[in-house]
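Quick one: this structure, given as structure tokens, is what I'll be asking you about.
Labels A, B, C and D are assigned to the chains in the order they are written; within every chain, residues are numbered from 1.
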Amino acid sequence: MAAERLTAQAVAEASARVMWENDVTCRALGVRVEEVGPGRSTLSLTIDAQMANFHGTCHGGYIFLLADSALSYACNSYNRRSVAHVCSITYLQPARLGEQLVARAEERARVGRTAIYDVSVRNESGELIAEFRGQSRTVEGKLLPELGEPE
Amino acid sequence: MAAERLTAQAVAEASARVMWENDVTCRALGVRVEEVGPGRSTLSLTIDAQMANFHGTCHGGYIFLLADSALSYACNSYNRRSVAHVCSITYLQPARLGEQLVARAEERARVGRTAIYDVSVRNESGELIAEFRGQSRTVEGKLLPELGEPE
Amino acid sequence: MAAERLTAQAVAEASARVMWENDVTCRALGVRVEEVGPGRSTLSLTIDAQMANFHGTCHGGYIFLLADSALSYACNSYNRRSVAHVCSITYLQPARLGEQLVARAEERARVGRTAIYDVSVRNESGELIAEFRGQSRTVEGKLLPELGEPE
Amino acid sequence: MAAERLTAQAVAEASARVMWENDVTCRALGVRVEEVGPGRSTLSLTIDAQMANFHGTCHGGYIFLLADSALSYACNSYNRRSVAHVCSITYLQPARLGEQLVARAEERARVGRTAIYDVSVRNESGELIAEFRGQSRTVEGKLLPELGEPE
């Protein structure tokens, strides 16, 4: 069957399309899915004036939200529905309003139903804004019910 | 001087007013500051349809953002400017769209410039949605330059 | 049946006895179980000269080990076998050799198979050495197979 | 001066020798420093019968202690004295008594005085036992006062 011959990369891209169609938050905020692959993703977000905290820099909640979304695209790239379970973030320097942030998620470990992803968030100059580590676990269901899991 | 006689509670409330005036994110999202005190705060947020993730429940980023904001009001309640440094969250159950979430932050520890705050996020029925722990550190400056620190 | 009438406190104490009999590490290091109850425990350890790091203070590994053990006694206090899954620690100040450290674990949350425990580690003067948060999950089995779970 | 011409690798090795001479805990437990370099280290430990928890597997405290020590050798490899500040560990599968564990630390980020290290702990078969992330900060002092920092 054609579906069974999909590469891991094709499954990751098809999974990302299904997520994106239903990803109300990322669409509303203007998040862009720059790239996905098996166990990885790159997302970007331009920080607008509505995302300021009271210090006048980007609210940490949006830095986290971007990293958490990158985790979500990465951990759902195998056509097994997954959810974030435990996440932590270290803020390394403030992000300025008007800047584009880029979050790159990569898989660190996968054992049983648990996987760990590391996400770096950088600004346009490539400076590190935050480091995030998230742990996901698979739940019931597939994103693309008609497909098998990647080979 | 009158200012020096302010109680810790009055300093916390005055600090919260200064934060709120400049808190673009929380105002834009409709966050409410329900209560503040020395080293604590309670904030609420009603999850609207724009805050959905692709599973159809509240995006974890907004649950975190609410908890992170509660941390911010709590750790800035002493009229010493503070920022979040390391935060972690455990998602315990999904939050539904349309629900009001309440985040309650309380101080766990304070040693030198570092403080630790625990934040529970609950839904309208009082069910636990997430547990958050955030570590802050004081930086230069006061929120109310004309005031001393609380007694 | 008599067993079914055990209080939660009695189940916690009986569970702790079973753990202690098999707890090779804590016995070898001289850890003491000071108190246990449903979802809580207090353990102590005197830091001897063999527990020094290269700075000449107590190795962080032993501070963690004491907190992790307190978590274990607390999360196994319901006669449901549990294991630590994710733990984090913040070191707040160094612990000196020769001092007795006391770790007090208390339950923060319990939802389904997951529970969260906060553990404070203090020195003899009551100063905070570290704050620890650990997440446990129940696995198959009981500590006291002949007993029911606490009422 | 000869000292100033030392490579980063030579500084890391010289720093590790100073640490090892004073590292009472690692010497007492039989930890071995397998390899060090700028921002990285590999340490090993054979789990003996005294390191059992009450489940009969390796006590999580020793898995953490090994990872924490690897962090210490990695973050002190630049001849700037550093200490662990915040660490977290995820236990992925139990480690058996009698096995040799290997912890490999690598630098993830360095901004100002803060650095982040990821440490994987594996057993003899290369299976992942735990993933650890530790955050260090530099404090006053050098390990090799006569040397400059690495070029």
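In the analysis below, contacts are C-beta pairs under 8 Å (C-beta built on N, C-alpha and C of every residue); 3 or more make two chains touch, one makes a residue touch a chain.
Treat the numbers as computed from the prediction; the structure is a model and nothing was measured.
Asks: Which chain's mean C-alpha position is the greatest distance from subunit C's?
Replies: Centroid comparison gives A as the farthest chain from subunit C.
Asks: Counting C-beta pairs in contact, does B-D beat C-D or the other way around?
Replies: Answer by contact count: C-D.
Asks: From the C-alpha centre of subunit A to that of subunit D, how far is it in Å?
Replies: Result: the chain centres lie 30 Å from each other.
Asks: Once you find the CA centre of subunit C and the CA centre of subunit D, what distance in Å lies between them?
Replies: 25
Asks: Find the geometric centre of each of subunit B and subunit D from their Cα atoms only, then give the gap between the two centres in Å, rounded to an integer.
Replies: Distance between chain centres: 35 Å.
Asks: Residues touching two or more other chains, restricted to subunit A: which are they?
Replies: 86, 88, 90, 135
Asks: Once bound in the complex, which stretches of subunit B touch subunit A?
Replies: 18-25, 28, 49-56, 59-62, 64-66, 68-69, 72, 81, 83-91
Asks: List the residues on subunit D that touch subunit B in their complex, please.
Replies: 86, 88, 135
Asks: Please give the residue numbers of subunit C that touch subunit B in the complex, ascending.
Replies: The contact residues of subunit C facing subunit B are 86, 88, 90, 92-93, 108-109, 111-112, 114, 116, 118, 120, 128, 131, 133, 135.
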